[in-house]
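The same subunit A turns up in both complexes below, where it pairs with subunit B and then with subunit C.
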Partner chain A sequence: MTQTAWGWLVIIYLFLGGLGAGALLTAALLEVSGWRYKRDYCPTALTGAVISGPIVGLGSLLLILDLGAGKTEPWRIVYLFTNFGSVMTWGIWILTLFIPVALFYGLLELIEVEPFIKGIVWARFPRLLRNVPLYRRRTAIASGILAVGVAVYTGVLISAVGPAVPLWSQPVLPFLPIPMMPLLFLISAISTGMALTFDLVATIAIPEIQQQMRIMDLAHIVLIGVENVLIGLLLLSALNAGGAAAESARMIMYGPLSILFWVGVVLVGLIYPFVVHAYAIGAGRHSLWSGIGSGAGILIAGLFLRYLIVFAGIPAQL
Partner chain B sequence: MHKQFSRREFLRAALGSGTAAVLGSVGLSAGRFALAAPDRTESASSPYALIIDTTKCVGCGACRTACNLRNELPEDTSYIHILSYGEGTDRSFLPVQCQHCAKPPCASVCPTRATYRREDGVVMINEKLCVGCKYCEVACPYQARTFDEDRGVADKCWLCLDWVQDGRDPACVAACVLGARLFGRQDDPTSEVAQLIASGRAKPLHPEFGTHPSVLHYIL
Partner chain C sequence: MLPSHWPKWVVILLAFGLIVVAIVVAALSVPLTRALAPDLTPAPELPEINYAEPLSGECELCHTDEQILQASAGSQENVDAYYIEAASLEGPHGSLGCITCHEGTGNEADKEIAHQGLIDDLSETHPEDCLLCHRNLPDQLPEDNLRTPHGLIRDAVWAGSACGVLCSDCHGQVGHGFDPVTGEIICSMKVCLDCHQERNLEARLSDCNTCHVGPHDLSAVMSCKDCHVSSDTWRETQLGVHPVELVGYHADANCFECHRWPNFKGLDYVCSDCHKRPHEIGNDDCALCHTPEGWAASADALVAGATAFPHPAIGREECRSCHWVEDQEAIPEDHKGRTNDTCLVCHQAAPAPAIMHLVEGHEACLNCHGEGQVAEFTVDIHQGRDDASCRTCHELAGVAPRPILHSLDGRADCLMCHAAGGVKPNPESHEGWDNDLCLLCHQASEQPTQAEHPFPKDHNAAASNCILCHPDNDYSTYHCETCHALAGMTQVHEARGIKEIEKRCVLCHPQGKKP
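Then we have the complex of A and B:
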């Protein structure tokens, strides 16, 4: 018996939410460190800032489409903001605050590169142009903090159901009462965000990047390594817990979902990118296509990982 | 213009913000307990008790049929689902429905507060507030929640409260011909249900879930 209440719309939202948050975090880190001003990092910072708001916005739209009566009587959506004991209410608040700030961050990046936009801003809000770098830096920090919230709260949301779905409430380590899902979702969000903004966009924009950016390779290896360990810990912990958790883990590792897991998540999203980036550190460079390939692989794996977690969320045995 | 970091400083900043993010995620997870809505109901128990005697249940489904008819539910949905264990002469049945918990996870996860617990312990849904997010359906460890596709709202056993307040039994209890279901007032010490609960023969199901079922009890 698999989990049947939540389907593809929720899964895609979880993916887009994490992706958008991670993309913005990548850009914000580059902004705060000043590395954004280096030519090779410009496209990454620009992409992360600009694309994040729309991606998370699109994901949120999918969430609304997944509602029942909230779709046909949309004014009910206001009620979603009221129960602070519910992680879903936290999420609504975080998203509502994040999306406008992220869009504003994107605007502050676009001002620098798009004269058309700069022109509009100059006509309507000339004060904004006085110190764009300062405003952008502050907006990056604010949206960065909110982005952590966006990336993490979905993990908290599914782990909050506790005994109802044992797979989702597994701890990070047996003796540590910290749930695994928030941490896994955060790492995955940053990983997919970097894959999009750097591996895909920046590489296509500046192909020579792949010849130089060793620190990005290092960051990828660390993230992939940590994510690998976390997924392994999750499955081991679930197997050990017995009952529905073990059933979930078996379903993922050697049941009907196993091909999706071993090929779609492990091979394409963990092993292949890891090899690409490790080789790059050793050899000093890697090809354009392997960079793009690893980026695409990480994104695909991010989506499938969330699919597996949601669908294999088997309810507790009674 | 601000100064640009060296590689070492960048790594330090990344590690620092990474740690902050991880700590933040831990804090957010823990904060859930701090922000949980206080239990507004005074009593952890309920005046009502519905006892299911699984030693008598043969899984005929009469309770389920009566419930479906009364609530005009489609064939593939029911507030009651009947689980079976064992084989042959060892076969036993476990009818499960909303336990009307004292600490209902469905109520605490509901973002609109559509699901709530009454003073008499009965957990109800205010359908006008429900947006159909299905978080309650996922969060119930007894899988007692259903979803009304036509109206797009959550749904579940409501203890036939109109009949109960009239002094009658819920439909599922009235329908059971084998006497596997008992209904009564646990606040009346002379009632059969009160005595079964007090003696320890009738107990909450899966108390380790921590939801404190207040109405439903089982003789296993």
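Then we have the complex of A and C:
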């Protein structure tokens, strides 16, 4: 019997939280590295900066709604800010800090592409416009650090419940007692963020951008490889642990979640994008549609992965 | 790809749109893929329990306060039955909250309303609720060597049939401080047996093997009850079937302090099975000297009771070369396995009196020391001894009796002078001995009598030391050179014109003084 406490609301929070953090990290990386300025207009940086605050905020709202009291007495969320012995309090603080900083970062990107907003800012905060690149760079760094926290927290949240659900508390390696989930979720977050902002949005907006930022192919190869290893280690570790953890792993690999895992995650989210990006590195290019397909695969596989982990969570047996 | 006249922020909408599409596609894909995928183990559909700890405050308020309970319970018996220790609510079951298991009406102060729909024993009415958490209850508890009916109960619950056994039959009020599973509370086996008998369960369900998984593989030769006699505690055993009698500390020791777990193998029932010899002497047959009733005391008693042996020990360390040799010196039967190095631990040397006379010419000891003879030995300890065995214990003293310092001519009656009160009385040890015995020990010599010795016996500190002048007891001559070197004397005398002085000293020095 799998756990029933967490459902789609938490899964979508895990997905949106990771996606928002990953998208912002991608934008911040382009900002800090200067690659963003290779073109006058960088849809990846724009999308990553603008969507991250709202979707992480939306995800956090879903998280609150998932709580029983969140629906009836949402003000009780305040108590979560003061219980510093709980990792959830750390997460609440990280989310609380991240969302406004990310929104501000998004505003600084929007200023560049939307004269209407630029006019409003000019009218209210004229000094801000004089130093937009500087503010944007600093905000990118600050929000990038917080984004790592947001992405890691999605994994910490689930691994903190881990002792009750052994699959979620599996270590990175049997002799390395660091929980797997934060690391796996961080890698997956960056991967999905890049897929959305670059492979999908940027490619659809400016197809030739793929030829101009070949570094993204290499980044995808590395991220997919690491993610592949981590998922493999997670399942092997769970099988080796026996009990509920092994039951979870069997459920994923050849149980009711097996098609979703092998097709939705492994084939669509790992193998296909890996082949596409490996081909692109070798051939120096890939087609528009294979790039979009790869991005779509990685994006939806990120959601499937979180669904699998949450729904395959079998409580420890008493 | 996007039309160039579209505003650039359209990509943001595109991103949001793609996210929505991804979520929708995932939501649609999941049921489809799950429907197509194989189901590993068709687990029974379990009901959910509403976690109702927040609704249980009113219950806890009454049931953890004796005064409030007394006000409504009616009798002390009810108070005792329904009172709950507040601390028990901190336990795994107590912290679930009363309403979670007992239902009723939550957060209701009115007793009647609060108790509406109350479930007294959850395992009686909703046993499947217990199995929500306790799904894989073990059929055996190896660490406790117990066999349980969990499998039968679980199957019956899932099948919706009654099996006659409730969770609470064994686990009692698990939410109210009673939790035998933790090991902090030991449930007596008598409780189980009484319950089995009350329910008239078939006879085999009262056998040990019904609940216990015996750790010993001895069922072919004995039953559990041969040793385990108590229904209160498994550790209480009787030793009636033990192959050797257990005494002393062994009677109180746990079986496996000596025996090897679990099948009692590896013992020869000798001391060295467990004990390491703490001393070098002896061998591993500890029982030769020690008894289990008192390890040190028994050895001390042996030492205290041991007799001395009447001969020197030095040079005779190989005791058994004489003792316990067939037909020779017998030793007690219980000494049979003892080794030479243990003899002296108990037995001390107390040598027999030394022979104070010359043996040459007196080899037939019994002629004088035999029964009824002139110097009769103590009969009881010398019974059966012969001349050959005397020297085994009695050694030569190394001194000869004083020689007779005068001629025997005309002096055959020794006691005339040497009897008590005589001119030269013999020692008290000689009391009762007559003249016949004297010459057995004392040798007559040619030593002159006092009257015949013209030279002063106390000459210059000679102090009657005869051999100074008469080496080898040769009284036929004298020998001044012992003190007065001949060469020196010759030189001194020749300087004065006196020659050939050897053996002629007394001619000029009859009193040992200068002329």
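Here is the rule we go by: the second predicted complex is superposed on the first by the 313 of 318 C-alpha atoms of A that agree within 3 Å, B and C clash if a C-alpha of one lies under 4 Å from a C-alpha of the other, contacts with A are read in each partner's own complex, and residues count from 1 in each chain.
Throughout what follows, a residue touches a chain if its C-beta (ideal position, glycine included) is under 8 Å from a C-beta of that chain, and two chains touch if they have at least 3 such contacts.
The structure presented is a predicted model; accordingly, all values stated were derived computationally and were not measured.
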(request) Consider subunit A as the common anchor and indicate whether subunit B and subunit C clash or fit when overlaid. (result) clash
(request) Please work out whether A:Trp35 is in contact with subunit B alone, subunit C alone, both, or neither, and reply first, second, both or neither. (result) first
(message) On the A-aligned overlay, A:Ile206 touches which partner chain: subunit B = first, subunit C = second, or both, or neither?
(response) second
(message) Looking at A:Tyr272 after the superposition, I want to know if it touches subunit B, subunit C, both of them or none. Which is it: first, second, both, neither?
(response) neither
(request) With the two complexes superposed on chain A, say which partner A:Ile51 touches: subunit B (first), subunit C (second), both, or neither. (result) second
(request) Mind working out whether A:Val161 is in touch with subunit B, subunit C, both or neither, as first, second, both or neither? (result) first
(request) Figure out whether A:Tyr307 sits in contact with subunit B (first) or subunit C (second), or with both, or with neither. (result) second
(request) Report for A:Ile259: first if it touches subunit B alone, second if subunit C alone, otherwise both or neither. (result) second
(message) Applying the document's definition of touching, compare subunit B and subunit C: which contacts more of subunit A?
(response) B
(request) Between 1-9, 37-45, 145-153 or 343-351, work out which stretch of subunit C sticks into subunit B after superposition. (result) 145-153
(message) If I apply the document's touch criterion, which positions on subunit A are contacted by subunit B in one structure and by subunit C in the other?
(response) 318
(message) For the complex, give me every residue of subunit A touching subunit C.
(response) 1, 4, 8, 12, 15-16, 19, 23, 41, 43, 46-47, 50-51, 55, 110, 113-114, 196-197, 200-207, 250-251, 254-260, 263-264, 288, 296, 299-300, 303-304, 307, 317-318
(message) Which stretch or stretches of subunit B touch subunit A in the complex?
(response) 1-5, 7, 9-11, 13-14, 17, 20-22, 24-26, 28-29, 32, 35-37, 83, 94, 96, 105, 108-114, 127-135, 137-143, 147-149, 151-153, 205-206, 208-210
(message) Which stretch or stretches of subunit C touch subunit A in the complex?
(response) 1-2, 7-12, 14-16, 18-19, 22-23, 25-27, 29-30, 33-34, 36-40, 43, 46, 48, 133-136
(request) Name, in rising order, each residue of subunit A that touches subunit B in their complex. (result) 3, 5-6, 25, 29, 32-35, 37-38, 66-72, 76-77, 79-90, 92, 133, 137, 144-145, 148-149, 151-153, 155-157, 159-165, 178-179, 182-183, 186, 215, 219, 313, 315-316, 318
